[in-house]
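You will see chain A twice below: alongside chain B first, and alongside chain C after that.
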Partner chain A sequence: MAYAIPAAIAGRFLLSFTSIYDSLKYDHLLTSPLTSYPRLQEGVFLYKHGIDPYSGGGFYHSPLLLSLFSTVLPQYSPIPQLLWASCDIISAYSLAQIWRLRSKDETGRRDGRIAGSYLLNPYLFLPSLALSTSSLENALFLTAIVFACRGKTVPSLFTLALLSHLSLPSVLFLPPFVMLLHVSPTSALASATKESTLRLGSSIKSFFIFAICMSFASVCNLITTGGWDWVYRTWGTGLLLPDLSPNTGLWWYFFTEMFDHFRPYFLMVFSVHLLIYVAPVCMKFKHDPLFAIFILQGLLAIFKPYPTLSDPGLFLSMISVFPEIFPYLRHPIVTALLHLHASLLLPLFHSLWLAQGTGNANFFYASTLVFGMANGAAVTDCMWAGLRVAFGQKDGVEYVQE
Partner chain B sequence: MKLLAFCFGLFAVVRAHDEEFREHLHLRHLDDGRVSALFSFTTLLKDTAPRSPLSIGEDDIPQHYTLFPLALGQVLREHAVTEVHLTLNAGKWDYTRWGYPEDPAVATGAELWAWMGESPSISIDERWKGLRNSLAGLFCASLGSLDEMRTTSPMYSFRPEGSLPLFNQTHKLRHALLPSEHVCTENLTPFVKLLPCKTSTGIASLLNPHRLFDADWHGMGVHVKWDPKTGISVQLNFQTVLDPVRHSSRGQRVDFSLKTLFDREIPKACPVAADSVIDVFMAEGEYNIVAPGPSIMEGELAKFIVPELPMPLDIAVRWPGEASNLFMNVLQYSNHAPASKQNSHPTNIEVLRTLTGATQSYGKLHVEVKNNLDSDVDVIYVETMPWLVQFYIHTLKLSVDGKERQDLLKHFSYKPSEAHGRPMLFEGVLTVPAKSTVRLTLDVLKSFLRYTEHQPDAQRGWDLPPAVFIPITNNNSSEGRILRRLYTPAVLVDLATPDFSMPYNVIIMSSTLIALIFGSVFNLLTRKFVALPVEGPSESEPSTGTK
Partner chain C sequence: MFKLVMWSLVHVLVAFLLTTTSFASPESEAEAFFQRNDAGGHTNNWAVLVCASRYWFNYRHMANALGMYRTVKRLGIPDSNIILMLADDVSCNARNKFPGAVFANSGHNGAERLDLYGENIEVDYRGYEVTVENFIRLLTGRVDPSVPPSKRLLTDSSSNVFIYMTGHGGNEFLKFQDNEEISAFDVADALEQMWQKNRYNEVFFMIDTCQANTMYSKIYSPNVLATGSSELSENSYSYENDNDIGVSVIDSFTHHVLQFMEGINKTSHASMQDLFHTYTFESIRSHAGVRSDLFRRPLDKTKITDFFGGVAQAGTVPPVSEDEEIEATNITDLEGSASSGAGSYGAVLEDFASSEHAFGAWSPSRAWGAVAVLVVGCGVVFSLSCQI
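Up next is the complex of A and B:
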């Protein structure tokens, strides 16, 4: 076990030097239009040739990534591959840190297992090998949580602002992050009645800091691109869904098949639907905001407009930080089998539809429904277990919801 | 004599109105035994200028024409168009066998481009819309589909062929290609209506739709341009490549005559034509021109001045040496002639474009440009692509003989496409070294369309517009090289299709899954936990023991 993690890290770096990226770069499961690396390269290329990448085309990445890759980072292989591998290591390290902060366990006995759950999760390392920027988003997300767990308001909210710039739905994490900044990250699921230490004044201050961070990044973007077109191209894309490339989510086929006159209405419904979960989840898990972040991440992974496999993958890896819920999961086997089923069907039906031409779009659509079902089962089961922990095990008593 | 006097009288009337009509038929024997025919009808409105776009909104001057097509004139003046080119072609012009066409506009399908001056009252885009809809009505073609999703404004290519007047306003270009539009007999009828003699007399009487639309390649063109010295000219062209072997009545022969090609003769000359000439261009070989003899012989060009010849007029060309071995000769002409002429290339620049890739999500575009000349040639490579296919310009690779030569692309302008909107425009200046082939590869991404955006025959795929190659002629090296614009054939792209029968099912099933997860989540969040005493197994077992 002691050598497993160094071996995984070494293996991850070694994979950077293979040409595996070339065979994965256009894969719809691993990269979405918002996270695809070839599109980022195209944007950087246009930017370097004096053409505004936000004037059209399929470039939907944030100007933050544009300025990063057009100035600091060279794009020659294997530099990006190594960067992505480093992001994976940072994410795994952050996940282990989150566990240490939550469990107050400084011995690091479970660090290997926690990091392994990130590094060896195929939903996470395959998008990373395809250089999907969702791996960068995951690294930012986990780093922001580490900062928040340590109570470092500005670094945490700044990281979250950067994350929101890369992926707009992440802005919904702000309320639980503000709560986490003021509440201990230790598990409070078993003592749900713990008094909240959240204060209104400091919360408003946190929101204000976040707004400043967002504005700061926006002004940087404005200076980089010389206009506000990027708002429409990056955040607008998630709301208006101009690109209907298939992915593992629920939006693309729904809006491919949508009647034109209902499209704006349903786009509004799908976007508003994401907002609905924030307040109830934060209220129910106000004693343990880290768990609220975890649940919200799982829900966003199902319902966000352009998900990749790494979104539900992150949720699954984060389960390892909450071992106290394991005894109370109701149907882990069913969830696991659904995931197995979906992960076999998705690539198979994708290839049957688009490459072999022997299946049609419904095949792949059906497998995304199975995948959505699997993710839904995982989230609801974790939620149940997270609530159920509070009551503990007692002989002769069963806890049900009335 | 009386007829001549009458004709002269008419000419006098024509001159009084400062209008002139010329008709011209150019016949060319091609290397593979086919015959290319270009009908060209030019009407000149002398000493007039195009309408100034500044006067849009005011009452226009009254239009009265004798020869000039009024229907077209009204369209041009209504939208204040300075120069317009419309071509409707069917088939693929085979440059390797047929050489350069007489009318270079041989893009498959419809091509429309216009130069218009800016107007303060009505924008160019609005007038462009009006122009294409008017021309669609005039020529019974689906030019209305040349909408914003097809329209581009090239910067370096499609320069005006005539002159642009100074209206104190800049002129702008609008260009659109629609490869899936096909020319047919319903387009010819309105075309013929614009001619002063219709098809009753003169060269236009050879426009027999049964033969023209049966040809291996056929297309019609309208070119309106302005020259400050002469005036506005409208050139109506019909270009076709006919196979005389197929229509030969006396066995399989490459001999041809007007009668065998068009199944018509010229009954009499068009009286209002200032000029009515048939050219027969014979490249090489032993041939006879049988009755009547040409009026003028200029090298390889035999000129027939129609009014001077006896009517009804038929011109026949024969290859007497061919008589002994008829069928073999035909085969030789059709199949072996180009092979035997491998050293002499019909065109100086050869282009080839293909789209490869088995999946419906991405592909690779391959373009080959071959220079047969002994000197380097700069070529403008113009690619207009609807958003159906998106280019990854950063993957553009140029190579000559397997060696990478990124330096050959001197500079380029690129306007990216917009999803569900405007097309992409790429114009690059490419240097093609002497006697070599430049290979260009590019990754492309195939778009996914909404189900309402697909064509009725969605599984057929989409025709992508041809790429255009325009060699840049530098005046210094005038060594008699012919450099004209070339079109690649249209490319068919296979885009992924959704299931067209399922909109309701998808809405229902996706909504069910969302409702299920939403319901479960809120069920867990809102309901209270209660403790239930579990009955001991010892009490419940007896009652279910039989199971």
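Up next is the complex of A and C:
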């Protein structure tokens, strides 16, 4: 078992020297218009040649990535592949750190399994091989959680601010992060009734720090592009959905066949739909904010505007950090089979629609719905189990609701 | 905490200092471009060429209209911007010795006859469709919904429209298809409707009939320049007969104008005043008239190509010197570079390119600046965290 992780890491680095990227870079499952690496390359090219990359309409990446990739990060293969492999390693390490902080386990006995659940998850390493920037987002997300678990306010909120600049729905993680900063990350699922240690003053201070970090990153973006166009082009993409490329999410199909006069209304509905999950999840899991972040991540992964496979993949990998819920999962096999089903159907129907031409978009969207159902089953099961842990066994008697 | 606030304020200040280019408003830039060279503010050209006669013996009216059509096309207005109304019963007429051809010059003295009909003409209203009602509906835009776009006058408030009419006319009327008449008041009212609906920038109204000048005497809308072939109580005469065709092939006034136009190409700077100064009683054999009281620009500054041609304007772009990888884009100052444009196309390129130039000049330093700021920020954040 000790060799598993070094082998996985070595394998991951070895894979970055192959040319597997070339066959995966345009895949609609692994990348979305917001995360696609060829689009990033195009934007950087335009930027370097003095043309505003946001004026074209195919480039939706944040100016942060634009500035980094046009200066310090070279684009000669295999350096981006190595960079993505390093991000994977960082993410796996962060996940293991989260486990250590949560379980107060210094021995690192389970580290291998946790890191393995991240590195060997095909939903995560395939987009990473395709150089989808969602892997960078995952790395930022997990490091932000590590800082939050350690109680380091400013680094955690700074990383979350950078993440929000790359992917706007991540701004919804702010409330549970603020909660997590002020409590210990250890599992409190079993002790749901204890008083929350959250203070209003410290929360407001955290919000303010987050606002400063967001504006700092905005200032960096302003310096990069010299204007405020990027706000409309990057964040506005998730809100206005200009690009209807197929992806594993639920938005694109709806909006391809929508009449124009309904568009604003449904865009509002879909965006507000994301908002409505934040408050209930945080309130219900205020005793264990790390679990709240976990559940919220799963929900956002299903309903975000431009997801890739790595968003629900992160959710599935993070389950390994919460082993206390495993006994209480009601239908893990059904969820697993649904995921198996979806993961077989998605590439099949995608190819049937776009490569062979014998299917149509409905096939692919149906497999996307199955995938959404699989993720939904996973999230609801984990939510149930997280709540069920609080009841547990008392006095040797199984507590059952009448 | 205080350090954070100060540091963020400093960064905001830096950003404001580094932000470049405040543009003039786009509207004033566009207006400045379109008004230069005394262009008069038009961006596209349209032509409405009407031959109001039918039958073989009115061959010359068909040839008038087709001659104008050819000239206008040669000078750059595309078919999509030309509405040609002809009875079109001449070229395939049983009496036509040269079937499928319409000539505007006679073949005597061995002169080469120029075929105006050819293979490449687009007649929009032909035969019985050439009526007064259709003409007025065309001008005012009040057409039936079933009328296809190729038969509509799709002008806008920056279109220069050239209206040419020929046929048999009299005191304030023009005969249509030997059947009905259009009066000068109808024409004036149609033009006023066009003005009210912002359907033209400027109109050049040319008419070649007997007593033609009376036809434009009743116009009362602004920005209309008009010219006609003969005064009240005066006839307009044909130019020459062709012995093989057997009828007159062109009218004097139109022939005179077309001769003048043969010396004009797309890059010509000849003005309307130059054209009007060539009117003589000896060459036209009637008193051709000009009405310019409604026209706001001076005639010597108004170019022929403002009405007759579809001229594109372009401007020079300074080369992007920083990056050798891009070839310097030099568009030399042409007038009438490509016939693809029906009008002066905004090379707001010049201003756009200069703004791009500003963007490009800064981008490497911008990117490095942003990265430096980001790195400094990260450094501060993580050093702060070590203290916490």
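As a convention for this text, the second predicted complex is superposed on the first by the 392 of 402 C-alpha atoms of A that agree within 3 Å, B and C clash if a C-alpha of one lies under 4 Å from a C-alpha of the other, contacts with A are read in each partner's own complex, and residues count from 1 in each chain.
Rule of thumb we're sticking to: a contact is a pair of C-beta atoms (placed from the backbone, for glycine too) under 8 Å apart; a residue touches a chain by one contact, two chains touch by 3 or more.
Everything numeric here is computed off the predicted structure, so don't read it as measured data.
Overlay done on chain A, so just call it for chain B and chain C: clash or fit.
The answer is clash.
Which partner does A:Tyr26 reach: the first (chain B), the second (chain C), both, or neither?
Once the two structures are laid over each other on A, A:Tyr26 reaches chain B alone.
Quick check for you: in the superposed arrangement, does A:Phe216 touch first (chain B), second (chain C), both or neither?
Only chain C is touched by A:Phe216; chain B is not.
For A:Ser203, select first, second, both or neither according to whether it touches chain B, chain C, the two together, or no partner.
After superposition on chain A, A:Ser203 lies in contact with neither partner.
Answer with first, second, both or neither: which of chain B and chain C does A:Leu244 touch in the superposed model?
Only chain B is touched by A:Leu244; chain C is not.
Just chain B (first), just chain C (second), both, or neither: which does A:Leu66 touch?
So A:Leu66 only meets chain C here.
With both complexes overlaid on chain A, does A:Ile51 touch chain B (first), chain C (second), both or neither?
Both chain B and chain C are touched by A:Ile51.
Is A:Met258 touching anything from chain B or chain C once the two structures are fitted on A? First, second, both or neither.
A:Met258: touches chain B, not chain C.
Name the contact category of A:Phe303: first (chain B only), second (chain C only), both, or neither.
Touch status of A:Phe303: first partner only.
Comparing chain B against chain C, which has contacts with more of the residues in chain A?
B
Given 91-99, 127-135 or 487-495, which part of chain B has C-alpha atoms clashing with chain C after the fit on chain A?
Answer for the clashing stretch of chain B: 127-135.
Could you list which residues of chain A make contact with chain B in one structure and with chain C in the other?
Common interface on chain A, chain B vs chain C: 49, 51.
Spell out the part of chain B that touches chain A in their complex, as residue ranges.
358-362, 390, 392-395, 414-422, 424, 443, 445, 447-452, 496-499, 502-503, 506-507, 509-510, 513-514, 516-518, 520-534, 536
Would you mind writing out the residues of chain C in touch with chain A in their complex?
4-5, 8, 11-12, 14-15, 18-21, 320, 322-323, 325-326, 356-357, 359-364, 366-371, 373-374, 377-378, 381-382, 384-385, 388
Would you mind writing out the residues of chain A in touch with chain C in their complex?
Within the complex, chain A touches chain C at residues 47-52, 63-64, 66-68, 70-72, 147, 152-155, 158, 209, 212-213, 215-217, 219-227.
Please name which positions on chain A make contact with chain B in the complex.
26, 28, 38, 41-42, 44-46, 49, 51, 53, 55-59, 242-246, 250, 252-260, 273, 276-277, 280-281, 284, 299, 302-303, 353-355, 357, 360-362, 365, 369, 372-373, 376, 379-380, 383-384, 387-388, 390-391, 394, 396-402
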